[in-house]
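Below is the structure I would like to discuss, written out as structure tokens.
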């Protein structure tokens, strides 16, 4: 049901109508292709197809979500009214460019991380302008979407802990739901241990040096709690330090790099 | 009327409710501050204030749109229910981080460009995930928002020209509206000249080398048409080449760098 | 994307369902025609077709937007469920009646005006109950839609000038966007001159006698500024005085007559 | 709950923002008045007040719905930010102008009709671009709103009768709801009689000459059914023939004149 | 136009996507049936079909609205993508289960009531969580939908009477619309008589014993007003007392039992 | 953000306006109370307050969510315009009645279940007409909301298992997200064991006899997996059998009784 969001993107971009394309004869039909001008992993083909089809065009996808492309590759063919295809162009290509950029960055960072830690998970965050598209793109790239909203897992952050009197008190007060996991943000190995002892399913080390990650993993192992909790690390993870953090042994790295700073995949719409 | 969009961002993020903050006593009131962790120009204060106030908090803005901040500066103070402030946190900070990042990048690129071309205009594009916020942030940074939608100026792009038989034919066929300008995308100085001769208000050189920009400006001057059209340059403009393009003498540089790749301003919400 | 507005019109009119048509057998299919009972220019065929098709009917347009009809002419044929066609009838015919009425009035006023001033433009205003349909109908009738919204050109009205210290001061203060034109409302030839001198693209003489229009055109010519600005006249323009104003030599006449007072084209839906 | 519609009108008119008013200092507060430039009955004060207040202005209504105004009278005072008042101006004044025009026309036609038929009711139709405002304006003018939607009374029109085998058959087949009245469109006195005999609550003579109205009233009286049904007349009723139709003795005259062709009340916003 | 509500139900249930069904191969097509596990009258087939079809499935209805089913009967066949059918399942089945439950309860109560009072009408109320579906289900079961909203008939309740000075005063003050009926809530036979004398179309005896209903019917008959008003009884009517109330001779029984407490029809979706 | 849903309920109920309350003088202010006519636990006070306040009334809550009431107790006081309070009455009281009914039923079933199994959890399902209100009411009554949507935990139901080749295959194929739990619907103790062995966090025994629940608990204990999975039981759980199922030793009972069949709490609005 991301369709309503795409309808809104189209409507916000088109307004009273595409003044420029209105010059074109309403009966002119064209065939166009979306061509890669860069290299990466494709994501957003369903979304872009929907945007074109909403204005009456027929789309044939040539490269599906998850496939690799290089410059010159055709991602999709579009047939329909010239006016309509050009009116949908920006919205459709924006979705495809952003989502492919995010998927590509996710796959690249994940690959790096797994070279040194083969089971590690790479997750995104809620720092995401268009979450319904961004989260999906991360999944296409092999990443984990993390929480979708404030309602789908309990994440006690430092502000909650401050208000509730620390990790232990907070974990004793929370109203659990049996279908939801409980995660706690911690700053040291000792806090992580406390969280694990009082029932957290996941501990998130936020903005800590690599060394603290390593110390946390070791402390949890010593105390026999390593299998009780997942260890997540967040804060400033990016392509340049992802391997270093991965090597320290956590289960999950989460980063807003993929949804906030990944370069979009360069694309163009070419009329045949 | 960006309020409806902010309501939607809040609603999409909160869903059935902020499970974590529901542990907090509904009567606990807190005072918190939004603190800069990086350096930049602030934008989005009205938007972030609205997001907090929508959940009942009172906001006092300490740094208004357009002001500079450095690490440790307080942007705004927020007072209200602990539950509500934490539920709005992510949405409010996302808006402030993105918009400030965009405003900062705009101001920096513009400053560089004006060192060598004091009257140049820096504009953004429609490659923008949340246009109503992105365009405003560009304006806060001193930039020009360019077209808001497909309905507020005629922009004949290469695909239109292809379908209409070239610059001259296209300019003769368009249905003008006396309140709207006409812009034409061109690839060479000669096409720019043709556009100027047939009534374009703006020519946009897309994806051309610096040298072609210079040649265009000179050709238009030779033919006495330099004052008839604005010369815009687009395609791959970024902080590293902005000065070089500005020096070639165009009126406007347009770039999606500010709305697509500018680093967000790092911020945090700290409970006092 | 006017579809959402038509969906809303249908929904507001139908509510819980068309009580009357529910008597009809759900399997009864009918063929009906929309017949002109008056004379005029057709507009709104896409909108009416969409309204019928939204309830499952198939429409064949016999008279397209811009064509003339006289009493007895068939505008469209509609086939589908009797219940559905009768439920959509009022919404579909309202759109067709209003838009055709507006297009007809536009064409008639424009014809009169062009008899005496062959290049004159006739524009509508924002005094329009359903702008997305009204503006389009004006275009079908050969008119200019003028500003769509407060965001697509700068129009300094007398209230702005009062607050900003007059024409010159206002024009020096405005924040321009290179894609948007600047228009100034003036009350005399001298003010028009001032606006032209300080960079206005358009001057709008509001509620002035014909003589003042003539004087403005002459003054601008004397000062060599006639080609620098478009002269628009507004305020009480209607079929009875349109020719007189046109003869005075402005570039544009704008009027709310077409969208506010034009008689609707009389139509009826007849089951075959 | 007309508020959502007014929000939508504002949003459609403002878009990305009121470019012109953005020049004004955001801190400038003004006081302005809405002044009548014509004569009529006021309607729409709540709606216009809401539009101004939505952008933060405070409104004091000086002439309430139903009061008479003459040129120079002040309808309301508005205080608040200059930017915001000017951004809401068009939407607020449009509502006030249209609704007052409709109320005025309703009151005038009703007065004429009641001179000759003191108990007659004047109703509007569903030929109305903005029903939630138009229907209310008719009520302010003393008129009857008629059906709001297809779901609030059964109205068998000629197309229904054609499909159902005539008045009697249709009345026998309808699925009644005990809270809803049943109305039948008829073309002759005899059909009206048939409708009355088979249980119609209201008969609507559509597009008939005055003489047929008179004949219907008499026939129903002769048959002792005059008190069983309300007689409504519709089709081309306007200020010039309203008295003639009223004199023929029906209970209700319905007309789309008030919502489709009534002149708007001329108003202006003046900054003090 | 209940489609928008169904879209909303789907969207609220699906959110970011059906995590579970995403495991399934996107190309797997299935055929499934909706099977009754209980006995009752079917309602909601159009609504459930729409929900499935919105996600791309094709539906063949085997038991239409109003038909009886027993355990094992197939209501509809659904063909399409496995992912999509499972994502729509809950929403589609919820609609079908609730609406069938309501229709069944309506038919059963009505049958009981008509055994002792063959012309009696059974109506629902506005105590209904999803009125557009609930009201329709009542109609499928042979019941009357009563008022749809506060705008489709005047119903003077005890709070109105209190504020207006009693039945007579209230009936003299109301602003009637000729297409709308007037109903008055009363507590005794004498009040019912007063309402009938002053023009009420319907009297509603609310929360009264059976004996008072009988007394009201008799009093109205004695006074020759029984044919002037419909007598409705409401308040605590349910399957156990419906016959007793019906026997007392009113025209209408209204109850929230069918829309608030009727057991849903048990159904399951079985993949073939 | 349930506010948008309440706005929609109000708008759907009010339509063009509350015809009846429009008779009241717009200046009449009243004070009213919401009084319990039955016994139960209150829920929905914030929702009802919002509904009244949306039309301008001020509400003072006397009994908060979770408190017990008996006949005659005052839940809230409402002050404001008579018209507005009566227009909001039905929507506000519906929310309060339903949510209190659901909270009451939840508390009662839970109490019964905990008499025999003190740590048992009682959860609702997605068979819920207005989930955002129903889920909250269940929480007020001490219950667990279970999944909010298809996106907040993976629940492999029998249809998924059928398509994926059984429990083990399904659990090996699923794409996990580290923040989401995995639940599997099973029909026997042996299937539950298989699910536990292959990593399910929760097993749901659906529509099984009490004996099978007991057998499952015992088998999991024998195999040392009782602490690895939560055992949930669903299908036909209601007040009459809840204790029997609880006694068999599962962790969670889930039931649609509370959101589908719980009697609403009887309430009335009384004007003082």
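Each chain carries a letter (A, B, C, D, E and F) given by its place in the written order, and its residues are counted from 1.
Please note the rule applied: a contact is a pair of C-beta atoms (placed from the backbone, for glycine too) under 8 Å apart; a residue touches a chain by one contact, two chains touch by 3 or more.
Nothing here was measured: the structure is a model prediction, and the numbers come from that model.
Chains that count as touching both subunit A and subunit D, per the definition above, are B, C, E, F. Shared numbers divided by all numbers used gives the overlap of an interface; between subunit C and subunit E this overlap falls below half, so the copies present different residues.
The chain with its CA mean position farthest from that of subunit E is B. Taking each chain's centre as the average of its CA atoms, subunit D and subunit F sit 45 Å apart. Centre to centre, using the average C-alpha position, subunit C and subunit F are separated by 52 Å. Taking the mean of the C-alpha atoms as each chain's centre, subunit A and subunit F sit 32 Å apart. Of all residues in subunit A, those that touch two or more other chains are 14-17, 131-132, 145, 148-149, 151-153, 175, 177, 180. If you check each pair of chains against the touch rule, the ones that pass are A-B, A-C, A-E, A-F, B-C, B-D, B-F, C-D, C-E, D-E, D-F, E-F.
Here subunit A touches subunit C in the complex through residues 7, 10-11, 14-17, going by the rule given at the top. Subunit B makes touch with subunit A in their complex at residues 12-24, 28, 30, 32, 82, 86-87, 89-90, 94, 97-98, 126-132, 148-157, 159-160, 162-164, 170, 173-175, 177, 180, 260-261, 263-264, 269-271. Residues of subunit A that touch subunit E in their complex: 1, 4, 131-132, 135-136, 145, 148-149.
Listed in rising order, the residues of subunit F touching subunit A in the complex are 121, 123, 139, 144-148, 151-153, 175, 177-181, 183, 202, 230, 232, 251-252.
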